[in-house]
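Before anything else, here is the set of structures, which you'll find just below.
Two complexes are shown next, each including chain A; its partner changes from chain B in the first to chain C in the second.
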Partner chain A sequence: MKTRTARAGAAMAALGAVLGAIAIGAPPAAAQEDTKAEIERYREMLQDGNPAELTVLRGEGLWKEKRGPKNASLEECDLGKGPGVVQGAYAELPRHFADVDAVMDAETRIVHCMVALQGFDKAEITKRPFSGTGQRATDIEALTAFVVEESRGVPVNVPQQHPKEIAAYQRGERIFHYRGGPYDFSCASCHEGENKRIRLQDLPELTKSGPAQLAFTTWPAYRVSQGALRTMQWRMYDCFRQQRFPEMVFGSEASIDLITYLGVTAKGGKMDSPAIKR
Partner chain B sequence: MADPMKIRASAKGDVVDVRVLMAHEMETGQRKDAEGKTIPAWYISEVVASLNDKPVLKAHWGPAIAKNPYMQFKIRGGKAGDKVTISWVDNKGDKRTDEATVS
Partner chain C sequence: MRNAVKFGAVAALMLAGFANAAEPVSDAEIVALMKASFKERGIAKMDRLEQSDLQKQCSTWSGKELPQEVKASLEKAAMDSIVYPADGKYLGDWKEGEKIAQSGRGLQFNDTEKTVAGGNCYACHELSKAEIAFGTIGPSLHNYGKLRGGATEQVLRYTWGRLWNSHAYAACNHMPRFGAAGILTDEQLKDVMALLLDPESPVNQ
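Then we have the complex of A and B:
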């Protein structure tokens, strides 16, 4: 029998100390490569037993359970491929929905279904859309985890047919390059241009197909450092926070525009989420 | 009620490899909350694994096991199509049972 114990944390800390010692002795470039390899090895070690799988199971339960004032399940929810079709839906979101005449991403659409089908109060369920560090996933996070799991292996194909879908992409591209805030930062400051990194984390060049695919297909992900599943809406929210931009509102047009921009750039990548990240 | 666990069981020859991920807080009883009060211990105390309803493994756990425990073990004499059942009981008496079919 093999179990993961609380000691694993101490072992990782020790590994960090060893890495620190190597970095002092070796030439800087070699040390950087070593560290990169070690980070890769650490990521490899995490792959088996992703705690996000537990969130997926809980999300599946929530999806099928009759809940809310209308005592209905979400099984009739239309995620863009017809009522009740979850398989492959995430890979084609955000998209335009005729019933609301707006472009919606997966999380916004799930909230829409919870309001329309189950009768939940929108303000109430979106008041705290993200869980805190180490806390139990929120209902929105669990449902999103289930929906994205049902698209694993499906190629990303975010539509660009409806004029509003095209407009969302264009606005997303503009927001991506918009510099502002106290740091005079844009998304592009970090995510455009080759070989950029922050501390030891390589920053993906999100205007290019390959890195955009890697990013789009691996969110939502379980963040080990936060002990929580993080969604694409959270990713956008936190990027805005890191840029010191005004707080991004959950499900806002700006968030959907940015996700659309990333999703269209990531066309053809195979969904591999929920993933697990540092 | 406790959240479901994820069980994967695959046969290779006559050995079944079982991997289980359980959803549990696993509080050690050593931590304190924001007000400085001790968070009471809350952990899985017993795990039982069965192959076709015949117990093959019993484990007594304590607070040293990390949150959302991951357990892997092998059963000799199993084959594809067999039923693997995992049950746990925690120190508050909460319990959970899930099963999977060996692939």
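Then we have the complex of A and C:
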């Protein structure tokens, strides 16, 4: 516990230094290669410390604390590997859960446990699932950060055994290609095809194993530009905002299907989250 | 006995799995699922999930080769949708065009009716050499006018059409229909035209 806190403190200090250096040292209209090298350097410097470690700590506290109308902890929560097993669980989600006969991702399952075990009101806790820029993580975000940390280094193995797991993958693939809205965008508009970039941001080709692994294993992540921890549900929600779609509902079937599609494609990648991103 | 039961259960599960794998998900099922998974917010209403014929076809063939007849019919429909400027004037102010090319604002659920939409050209294209933060989803447009021999009538009509409804020339490409979908006004389109074609524009330097 202590080492985690100390490291997180050092991470915050290092981050401030990096941001300062970037602001001052930004090159003028230098050559493209210089820009790329600068970005690489920036990314490397970011790896020195991750403020998400503080969120993981808070999540661990929330997991163990007796809370809610039922005054219970989440220690009996079944994330798919049996009640109370957190280690390695995230790497195998989304999956089918017999108790609800549905496929759930990590965040949806955590909410399910908060409702079933602690007696929280689902509508109430999912009303604001994501924190604002620079704000403290929500309980769902903190709990997710803790759960994913417990899978660090574990290979992704999202199951495809139950018919509903297979169906979720198939629908996810269809949704990935679903074009709509005033800009006619789908996920594939940006995430299918090699070497695509928006401005200077590289776009992972999510239909391919390697890039899908890199994406799946590094969410949730601490987003430096937003000063906040962001989860996979948020990643889906914010992509659809940029696609000019209406607002994606937290824990919706489409979100779980897409995460299943990504997770299955990412099979074998080693979890490395919470990560830190620009 | 227990093993036999177990085997039976596994076989049933596998059969169900195979049945599922063999049966493609219907379009109607996907549309219903999308509608159940989103909610209206601000200017982003639920009708945005209703697919036009173009969106439906381009979703079906996404990542695959578009059949010739589908391509031809989508391109014809897109060509017919183009409305050329009534006054016959195509070129506005390239300086305004550069601002439009830089702006990625507009039509998101956190925008309002009053938000002036940009074209966000740099998100996907290289244009002026001075802007090094450009994307690569679309081709480089640096020297666009210069390489085409300037603003001839043919180039003007082609470029306007490409901005208005890009599917007229390449069905199911990923560029928004800036004119046909009402993203940019005629005046804004003319400014972007000037950015691409004016000899003074940094795009042609």
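One rule holds in what follows: the second predicted complex is superposed on the first by the 248 of 278 C-alpha atoms of A that agree within 3 Å, B and C clash if a C-alpha of one lies under 4 Å from a C-alpha of the other, contacts with A are read in each partner's own complex, and residues count from 1 in each chain.
Everything below uses one rule, namely that contacts are C-beta pairs under 8 Å (C-beta built on N, C-alpha and C of every residue); 3 or more make two chains touch, one makes a residue touch a chain.
Here the structure is a predicted model, which means the values were calculated and not measured.
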**Touched partner set for A:Gly227, first chain B, second chain C, both or neither** = first
**Asked** If you stack the two complexes on chain A, which partner ends up touching A:Arg244: first (chain B), second (chain C), both, or neither?
**Response** second
**Request:** Have a look at where A:Tyr183 lands relative to chain B and chain C in the superposition and call it first, second, both or neither.
**Result:** second
**Message:** Quick one: is A:Ala123 in contact with chain B, with chain C, with both, or with neither? Answer first, second, both or neither.
**Reply:** neither
**Prompt:** chain B or chain C: which reaches more residues on chain A?
**Reply:** C
**Request:** For A:Ile175, decide between first (touching chain B), second (touching chain C), both and neither.
**Result:** second
**Asked** Touch check for A:Ala98: first (chain B), second (chain C), both, or neither?
**Response** neither
**Asked** Touching A:Gly61 in the superposition: chain B (first), chain C (second), both, neither?
**Response** first
**Asked** Along chain C, where are the residues that touch chain A in the complex?
**Response** 13, 16-17, 19-21, 24-25, 29-30, 33-34, 36-41, 44-46, 48-51, 54-55, 58-59, 62-63, 107-110, 122-124, 130, 132-137, 174, 176-177, 181-183
**Message:** For a test of understanding, state which residues of chain B touch chain A in their complex under the given definition.
**Reply:** 3-6, 19, 21-23, 28, 57, 59, 64-73
**Asked** For the complex, which residues does chain A have touching chain C?
**Response** 29-32, 35, 161-163, 166-167, 170-171, 174-175, 177-186, 188-190, 192, 195-201, 203, 207, 240-242, 244-249, 252-255, 257
**Request:** Give every residue of chain A touching chain B within the complex, in rising order.
**Result:** 1-9, 48-51, 53-54, 57-58, 61, 134, 227
